[in-house]
Amino acid sequence: MIVVMKQSATEEQISRVVKHLLDLGFDPYRSTGKVQTILAAIGERPFDKNDLELFDGVQEVVRISLPYKLASRNSKPENTVIKVKDIELGGSGIAITVRVVASNSFHQVEQIYTRLAQEGVKLATVTLSEKQPSEKQLKEYRAVADSLGLLLVARPKSLQEVAKACHYCDILEVGTLSNRLFLEEASKADKPLIVSRLPSMSIEEVLVLAESVLSLGIEKVIICEQGVRMLDPLIAQSLDISAITAIKRLSHLPVFADPCAAMGRRDRVAPMALAAAVGGVDGLVFDILASNEQYGTPQALTFTQFLELLQQLRLIVSAIGRRLL
Amino acid sequence: MIVVMKQSATEEQISRVVKHLLDLGFDPYRSTGKVQTILAAIGERPFDKNDLELFDGVQEVVRISLPYKLASRNSKPENTVIKVKDIELGGSGIAITVRVVASNSFHQVEQIYTRLAQEGVKLATVTLSEKQPSEKQLKEYRAVADSLGLLLVARPKSLQEVAKACHYCDILEVGTLSNRLFLEEASKADKPLIVSRLPSMSIEEVLVLAESVLSLGIEKVIICEQGVRMLDPLIAQSLDISAITAIKRLSHLPVFADPCAAMGRRDRVAPMALAAAVGGVDGLVFDILASNEQYGTPQALTFTQFLELLQQLRLIVSAIGRRLL
Amino acid sequence: MIVVMKQSATEEQISRVVKHLLDLGFDPYRSTGKVQTILAAIGERPFDKNDLELFDGVQEVVRISLPYKLASRNSKPENTVIKVKDIELGGSGIAITVRVVASNSFHQVEQIYTRLAQEGVKLATVTLSEKQPSEKQLKEYRAVADSLGLLLVARPKSLQEVAKACHYCDILEVGTLSNRLFLEEASKADKPLIVSRLPSMSIEEVLVLAESVLSLGIEKVIICEQGVRMLDPLIAQSLDISAITAIKRLSHLPVFADPCAAMGRRDRVAPMALAAAVGGVDGLVFDILASNEQYGTPQALTFTQFLELLQQLRLIVSAIGRRLL
Amino acid sequence: MIVVMKQSATEEQISRVVKHLLDLGFDPYRSTGKVQTILAAIGERPFDKNDLELFDGVQEVVRISLPYKLASRNSKPENTVIKVKDIELGGSGIAITVRVVASNSFHQVEQIYTRLAQEGVKLATVTLSEKQPSEKQLKEYRAVADSLGLLLVARPKSLQEVAKACHYCDILEVGTLSNRLFLEEASKADKPLIVSRLPSMSIEEVLVLAESVLSLGIEKVIICEQGVRMLDPLIAQSLDISAITAIKRLSHLPVFADPCAAMGRRDRVAPMALAAAVGGVDGLVFDILASNEQYGTPQALTFTQFLELLQQLRLIVSAIGRRLL
C-alpha cells in the first residue's frame, strides 16, 4: 500500500507510521519530495486502511494490491473455460440457461424442456425450496435432462438442500445464501458454482466472494450479474452492462447475466439481453412462463417471446464471432 | 393528478383540498373507500406537487400526466424521422458521427474527413469555441463537407456563435448551453437540434428539455445520451444502456449516444458502443484522434480502433435489421 | 391502487384491466376525463404492480396503500414507548447503548461497564458468536448487568444462539440474520427486537421488515439506522440523517442510530451522532475500545472520546427538551 | 502521483511510463517489490490520470496531490474568518440568512426585515433577475438594510447584473452562474463570494470551484451546501450533513447550508437545520414566506415556523458553544 503523509506531518508522526508498517510485516520505502512524504509498502500482508488513516499526519492510504488474487486477470490473463460434461462455459459459446417458473406440473416442465432442447438450449435451472421438487421429482428431472442432453443448475435455498442438489444437478448456484458454511458444504462436491452479484453488492464485493470460493479449492466459478438499483427515478433497477465489461476486464472467470431478474418486467428484457451479449457475457439466464396466462412473475418471458429473442441473439452473437450454447 | 388522503383525514381537510383543486381549475372526482379517500383530478393544469402535499390530511400526491407532451410517445406513437439533405435520422439507419479532436491542422482534418467519407460516415462534428474555427476555416469545412457529402454538426459554446453555426452547419448541438436564450436563438434557423442528457440530468429532465425545444416550434429534435455517474466505486461513469431503452420507450424522438464522452477512456468504448447499437440508438458519436501520439483526450479512439469498431458495428446492426449511415 | 390508462387505451383494453381487478377482489371505480381514463381500486388486497403494468393500454400503476400497516404512523399516530424493566425506550429519553469491542477479558469489560454505569449509561450490547461468550460468561455478564442496573442487548449470529440470547439478555438485535426462521424463534421470547436498516436496504424495506416482526405478535420493535453508501467519491458511507427523520415521520416505532457502524472511523462519529440526536433518534449505539492501543476496529471510540461525546450529547439533547438514558 | 504497474508489466513498458513522466516534468522514483513495481512522482505538475492509465502495463494511477490547494486545510489549518462590516463569518457565530420569497411589495419586505432585525438576524438575500428589483428598489433595500444593520446578499442571475449587485450589496452568491466570466467580473469588486454546491456537484467539484475563485485573488469565499439527490425512493433530495462535515474537514473556508432549497418542503426543514448546526455549519440560509397564504414556494417557511426554529437553533448552538448571528 501507499501511505501519503500530510505536508504538515512531523518526523515523529512519520516514524510512528513506519514503525507500525514494520510491525505489520511490511518493508516500507520512504520517499520525501519537496511537498510531502510518501511511504510505499509493497506486499500482501493484511492491513486495515482506516486504522492507518487514523494515525496522526496521514493524509490518505491507497491500497494497491487487489483484495482478490486467484480471481483476478492479473494472476491469470487467459479466460477460464469450465467444462461440464461436453459443454464448455466461458469459451466461444454463450450458454442459454432457462428456468421455467410458476409451474406445478412436472409434465408441463418436461414438455418445455423438450422444446428447449430442440432449440439447442443446454442448461436448465431447477429451483430447490419453496415449491421444492421432491427426491422423486429430482430423479425425474435428472432422467429427462439426461435424455435431452441438458445440464441441470440448482439453486438450493438452505444448507440442508446442498447435498441433494449436488447429487442430482450439474451446477450449483449461490444466491443470497453465500455464507461460509454454505460454500464449504458446496465445495465438497466439486461442482461448478455460480456466484451472483446481488443488487446490493459492488463489483469488488462479488470478486471477493468469488475469491473466497476459489480459495476453498473450487476452481470452477462463474459470476452472474443480477442487476443494480439505478439512480434515475424512472428506472428502479436494470442490468448493468458496464459492470459486465468491468468484471470481464478484471477477472478471468466466466460471467453470466440474468436480464429477467435484473429488469423485473418481461417487456424490458430483450434489448438488455442483446446488449449483455455484445458486452461480453458467457451466459444468459432467462425465466420463462410455463403458460401464457400467469400472474405473479412479471419478469418471466412467454415462450413465444423467448423464441423470438433466441433468434435475435443467435444473429447477434454470430456477428461477433460467438455462438449460442 | 391523484390526491391520496390519509386514513385520518377529516371532512374539513378533504373539503379544503377540493376547494384548492377547484381554484386551480381542476374538476376533481372524489372516491371514498372503506379505508381512505382519493381525489382524482384529470387534466393538464399546472400544479405544484409539494404545495398540495403540504395540505393537512394529504398522504401523497401522484402526478399522472407527463411533464412532456409533444416529446412523448403517447402523443405520437411512431418514430420521428428527421431528414437532413438526403440523410434520414431516426429511421432504419444508425448515424455515425465523428469529431476529430486535438488537431490544429485543417489539412489533417480534411484528410481524415476524406477517409471517413470513404468508410461511409455521413456526419462530422465541428466544435466551435476554445480552438474555434475562424469564419475562413468554417467555409473550408463547409466546402470539404459538401464535396464529400458529409453533414456538419456544430457545438457552439456561446450565444454569439449560434448564428455562425447555423449558417455553416447542418445540425446544432446543445451541450451545457441549454438555456432559454440559446434555444430561442437556435430556433430561428430551423436546423435539427441535438439536446444532450448530461450526467447530472435525469431521464425526465432531458425529456422536459426536449419538450421546451419542441414547444418553440423546432420539430427536429434528437436526444443524445452522454453517460451517467455510477454508484460502483470501480466505475466512475458509464453509458447508460437502460436509459437509452427507456427514452426510446417514452419518446418518439431519435436517440443518439456518445460512448466516448460517457466512458472517458478509449479502451472502454467498443463494448458499450455495440451494446448501445443493439439497445436501440439511432446514432453514435465518436471522438477520434487526429494522430496516434496525443495526450489529453483519453476518450478519443485512434483511427485504427475506430475502423475496427465500425466493422463490428456494421455486422451487429445488420443482425438486427438496421444499417450504418 | 390507481391504474392510469394511456390516452390511446381502447375500451377493450380498459375492460380487460377492470375484469382483472375484479378477479383480484377489488371494486374498481372508473373515471374517464377528456384526456385519459383512470381506475381507482381502494382496498388492501395483494397485487403485483408489474403484472398490472404489463396489461396493454396501461400507462402506470400507482400503489396508494402502504406495504406496512402496523408499523405506520397512519395506523398509530402517537410514538410507541417500549418499557424494559424501568427504562422507557422511545419516550423523552435517548438511550445510549455501548458495545465494548476487541476485548478478550471479562474483567476488562466489567470495569468498563462499571464506569459506563457511573456515567448513567443504561444499555450494553453483548455480541454472540465469533468470540462468543460462553454460558458461564453470559451468567457473569448478567450478574454484572443486574448489579449495575444495565440492560443487556444481544446480537446472536446464528439461529442456535437465539434461545441463549433470550435467556440472558433483555433486548435482541436482528442484524443480517433477518430471515423468517430467526424472527419466529425470537418471537417466542417476547423480548424487544431491534431491526437494523443495513446499507443495502431502502427505508421502505426496513419498514416492511419491522411490519413482518409486528405481524408475528412482537409489538416491541425498534428500528436501527446503520448508514448508507453515499454517491460522493469522498464519502464511502455515512449515517443518513434524512432517513432518520423520514422513518420517524412514517412510523411510530422508536428509532436508534449506530454512528460508529455507519461512519466506519472514530474521527467522524461525533458530529453525526450530534446530528442524529437533534434529528430525532430515540437511541444511539456506540462501539468503544477496551483499551486505546487497538487496531482492527477503526470505528470504535476511545473511552476518552466517548466521555467527551457523552458530555456534548447531554447538553444538546437538553436543548431540545430531551435527556440521555 | 503514484503509478502502480501490473505484475506482468515488462521493463520496456515501465521505461516508457518513466520517460513520459520525465516528459511531463516529474522526477519519478521507482520502487520494485517482489510482486510489482510502483513509480512515485511527487510534485504538482498537471497530468491526466486516464492518459497514464492507458499506457500498457499500468494497473492504476493514484493522484496524491489534491486538485485544490488554496482551499485546502492542508495549506491553512485554521478556519478562515471573513469580516463584513462588523460581522464575522466563519468564526464562533452561525449566520442566519433570510430570503423573503414571493412578494411583490417592497413595503411588505421592509416590515419583515424590521422584524428579522429585531430577532437578531444579520443577513438578508435579495434576488436579482426574474422579479428583479429595479435600481430604485435596490437603493431602498440598501437604505433599509443600513438602518437595520443588515448585510445584503445578492444572487445575480446574469453577467449584466453583477456590477449592480456589487454596488448595492455586501456579499455575492454564485448559483448556477459559476462560469469564468462571471467569476472574473465578480472578482473586481472584492466582495465575499458564496459558491454553492449544486445537487449535481461532488464535494471535490465544489472545492475546485472555490479554488478557482481563490486563485482569482478573491480570498473571501464561502461554500454553501444545497442538498443532494438521494438514492432512497422515499427521499428525492436532502441536505447532506456528512458533506458538511467533510468540507469542514478538508477546507478552512466557512460553510453555509440551505436546508430550504435542499429539502424542498417546509415541513422537513427544521430537523435538518438543527442537524446542520451541530454538524458544523457557519451559516444557515432560509426562505420565508411574505404571507402565510402562498403557493408555489413549498420550501419556504412561514414566519411563525421560522421564529420557532430560530428559538430551537439558539438553544442548540449555545449547547455547542456557538451563537447565532
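Letters A, B, C and D mark the chains in the order given here, with residues in each chain numbered from 1 onward.
What we mean here is this: a residue touches a chain if its C-beta (ideal position, glycine included) is under 8 Å from a C-beta of that chain, and two chains touch if they have at least 3 such contacts.
In this text the structure is predicted, and so the values were computed from the model without any measurement.
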| Which of the two pairs, B-C or B-D, is linked by more C-beta contacts? | B-C
| field | Per Cα centroids, the chain farthest from chain C | value | B
| query | Hey, how far is the Cα centre of chain C from the one of chain D, in Å? | reply | 33
| remark: Cα centre of chain B to Cα centre of chain C, whole Å, reads 41
| query | How far is the middle of chain B from the middle of chain D, if each middle is the mean of its Cα atoms, in Å? | reply | 30
| query | Residue numbers in chain C touching 2 or more other chains? | reply | 229, 231, 233
| request: Mind listing the chain B positions that touch chain C in their complex? | output: 2, 4, 6-8, 29, 31, 33-36, 38, 40, 42-44, 59-60, 62, 64-65, 74-75, 77, 229, 231, 233, 236
| remark: chain D partner, complex, touching residues on chain C are 202-204, 228-235, 238-243, 245-246, 250, 268, 271-272, 274-280, 312, 315-316, 318-320
| Once bound in the complex, which stretches of chain C touch chain A? | 48, 50-51, 53-54, 199-200, 231, 264-267, 295-296, 298-299
